[in-house]
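So that you can tell them apart, the chains are marked A, B, C, D and E in the order they are listed, and the count of residues begins at 1 in each.
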């Protein structure tokens, strides 16, 4: 597998959707919606002021805890999570080894030819570009490490914003329900309105529970998990680019890569 | 006990069921079921949409937090937990010492004859096979340690999936009940349906509480406990195989084994 | 106080009941029972299926989390807790110093005569017996330390079983109440039965709250506290036996003992 | 300020009440009581059996977790908390420096004359007394440090007892309410009694919430805060007495004191 | 940008309002208020005794946990939070570098001329003033560090007071609701008052939930976040003043500043 250097193609992880997230979201909401539809008129579950107070209120309080730009950024990060592609660390490690072997056998400048195929993997592309431009290995390593740390911090901030939102959503739901209950109890003249009023009051509790448990909380967990995986892939790219920059033996790189890969994902590129 | 070498038989831990888990499950569910049956018509506790929303919803959200393959793997791990046999670390240590003594007295190659009896204990079998094939002790140790770490990580991941499911099940139960309550409150025309509708609404809370407290949460605790026990047994096998591979004195092995055995399980094989 | 060597008598801590535990249990349950009796017919608080589902269910799930032998062992440990006698560490330290001084002045073998008076204190008895038999100080220390560690682990396991039970008892109470509510709501034909049915349904919640808050949780706290105290006493005995075995100066032993005694319990045996 | 040595007067912190605790208690209970009185007949909030079951039960269970003497001791500690006077660490540091300077200029024995003025500050009095009696500095330090550690442990024990009580009070309130509800539901014959019975049942929940949130929990927090403050003052006294005992330069003492004082409380006694 | 030394102007961070806090507060309360107004008569949500018991009670208990001056101080800190201006650490670092370069090229005394422009940034002003007055670099560093630590401690105390208040507010709300429920249940004679009485009883729960979730809890989070940001800015000022005081090369200062700036905020002032 290691001898078609001309034909090396760094396959960018396709940006297909993260199936677990999509299936989980569709499955969860599908079940809730079908329970609502089967039970009768679904319109009774739509209450625009309630939606506003729970979603808007949660957003307002969460923004209060952070800054507007931080909350805005976290929306982008969450979007990327839904579209995140789980990449195989073993494949990333093998591609990095192929690049390292090509650099060793055909010279670092030959990597220019395959730079385009790395477009999909920004960090790898940035690292190899710098190496091709003659940046020394240590500097490549420092710059990429800084990028990785910045990415981790951005993800950690977004995770904590989501966890906060998961705490505030049920609280706003409770506040909405209390408003509804107080209004209903002050108006008991017509008993026929008690039921529907109470149903409306409970809707905000329902919205809050759905938002917290079916959106914010699993999103935060998923983001944490994907951030760990992405950090590992990025560290593989960093090790590879730095190793090529330092013109080290690719066999040593393989050893280094195996030391950070999980046991089940270790590779054996050279025999 | 140490002189019938020809007759050494490594008794594989029989894959009988873990009695505590089985008794706990049967006992717990038996009590709940008998309370249901004694109270009247058990059919009123069966509500397929409710079952679907709680079990399906919990599965969907939990999947969202992880990846599909991780959730699938955890089902297998849980199955193995129910069938897990609590093995006695002392017995494992004594068997390992018998093997070590046999290797010392009759030569490593003689272990070939008893390899078959170790089929039930994969890790021991793998280690002794490598030793018989001439793999050096250090390498045997590295390979087995990697296997042990991978097993621990697999168990830890499964435990955290079960704990997550134990958090989401009651949340899905609450969401189901809120749906039922809103539907009931919107339809108070016929008072005779209030009771049964509310009963149905409460069923999802019931399902969620049963799933979380009688299945997911104890399963997670059990998995944690068994993982610790299995890790100890595996470390005993690792120590034994590595010691035979390094052709060490079995008395030294006994000392090493005693240092990781809990005080009550320490052995005295050589006098 | 240090000159009646012939008359040394190691007073075994009398196995009287732990008054705080007994008074707490009797006081707490007495108040609850009197509130029940004062409010009318106490029979309405007895519901055998409810008792079964809460106690049996909690037992079943807790067993599931551990193993049958661990749960059985914890029952014994809890029993010993109720009968536990709070011993004064200062007294234990002084007795140990008396023994050490006697050994120094009359020879180690003279301790044979007072061995019988130590029957009540197993660890001290075991340690001094070994010393009299000529076991070297280091070995006495190792063996006793192993015993102490085993005791601490046994207590820690029992504490965690009790804490688990304290979590599961209210959960089983809720499950029982939900069963009762669903049964009641499905049978609203005769309004006169609503009240009593609901009373019965609430009983399991009551049982669960009483079990968790008045039995399991305080028992776990008490066990933790007593385990710490017993460990200190046992360490005093270990230090004493090891010191006698090493034929050290008792004044040095006093210094060692004071270093582990709490400030308020420090002793001054030699002037 | 540093030249009227003859007139040094160690002002004992006046044992006035801790205003924050007193105002908080009076303010909180005042508001609750006025809400009760304004709403009608305050007698409906008095239910002796309920008071008994919540206060007595909480006391009984808390005692069960600890020992009788520990609970008794914590009552004393709590009493002292209410009467605690917040002392200014800066003032304590300056008084200690005045004493040190006086000892340096007029000799250690001259401190005899001002010993009486230190009566209010036990630890300082004990330390200076020992110094005047000729106890060496190291020993003074060891003895006072032991006293300080014992005080910290006593406070920590009392804090944990209060936190436990804050957990058990609402639990006992719930148990009392469940008893009341079961009794009421079993006796629905006369609908006119439902309201009052339910009111009585809710009273124990009310008592539990008030006890936990307005007494035990803030008391525990206050005790923790005051313990930290008292420890700092005591460390100032310890440093001072040890420094005088070692006949060190007071300027060095000032440096030491500033190293443990919070930034805003640092002093500049010598220019 | 680095050559108009005469024209250096240290732009004080404008004390405009923290938009995230203001928008969050207005947005959240706006949504709640509009839900109240849309649902009918907003007067039914105003209950002065309820407001008093929740706000006053929370204040009283929180004061009890701390001291009066600490609670008073935290009000000031919170006010400053609302008016806090998020400053850009990069800008602060560049201004500090401009000052350092000016001091290097035109002499430290020239900084006298731009001291006035630093009025808005107290710590920087204090540090540069000391440097101009000839205070050595080490002393400037020590004094400023002490100020920074004192600020951090003040913020941490205020944060913990807010978190406490966020815990006590719902508790006081529950206590208020229990008082209302007991009063209502004792007076069931006129059924037409049940609804409004219950509405009033629920109001305190509503007040408590709003106070805790929409004021205290997000304020505490915001304070924590802003305190971290302010500490970083203050450390930049400290490093700058100390560096000028030690007459170090500004290039070295740039390196130091970059080591504490987050990756995304690193600066490159010198090429």
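Please note the rule applied: a residue touches a chain if its C-beta (ideal position, glycine included) is under 8 Å from a C-beta of that chain, and two chains touch if they have at least 3 such contacts.
What you see is a predicted model, and the numbers here were worked out from it, not measured in a lab.
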Under the touch criterion given at the top, what is the topological distance in steps from chain A to chain E?
-> 1
Whole-Å separation of chain centres (CA-atom averages), chain C against chain E | 49
In whole angstrom, what separates the CA-based centres of chain C and chain D?
-> 30
Chain E residues touching 2+ other chains are none
Please report the chains around the ring in sequence, anchored at chain A, with chain B in second place.
-> A, B, C, D, E
Of chain B, residues touching chain C in the complex = 18-21, 23-25, 27-28, 31-32, 34-36, 38-41, 44-45, 86, 192, 194-196, 198-199, 202-203, 205-206, 209-210, 212-214, 217-219, 221-222, 225, 262-264, 266
For chain B, which residues are in contact with chain A within the complex?
-> 49, 52-53, 56-57, 59-68, 71, 146-147, 149-150, 153, 164, 168, 171-172, 174-176, 178-188
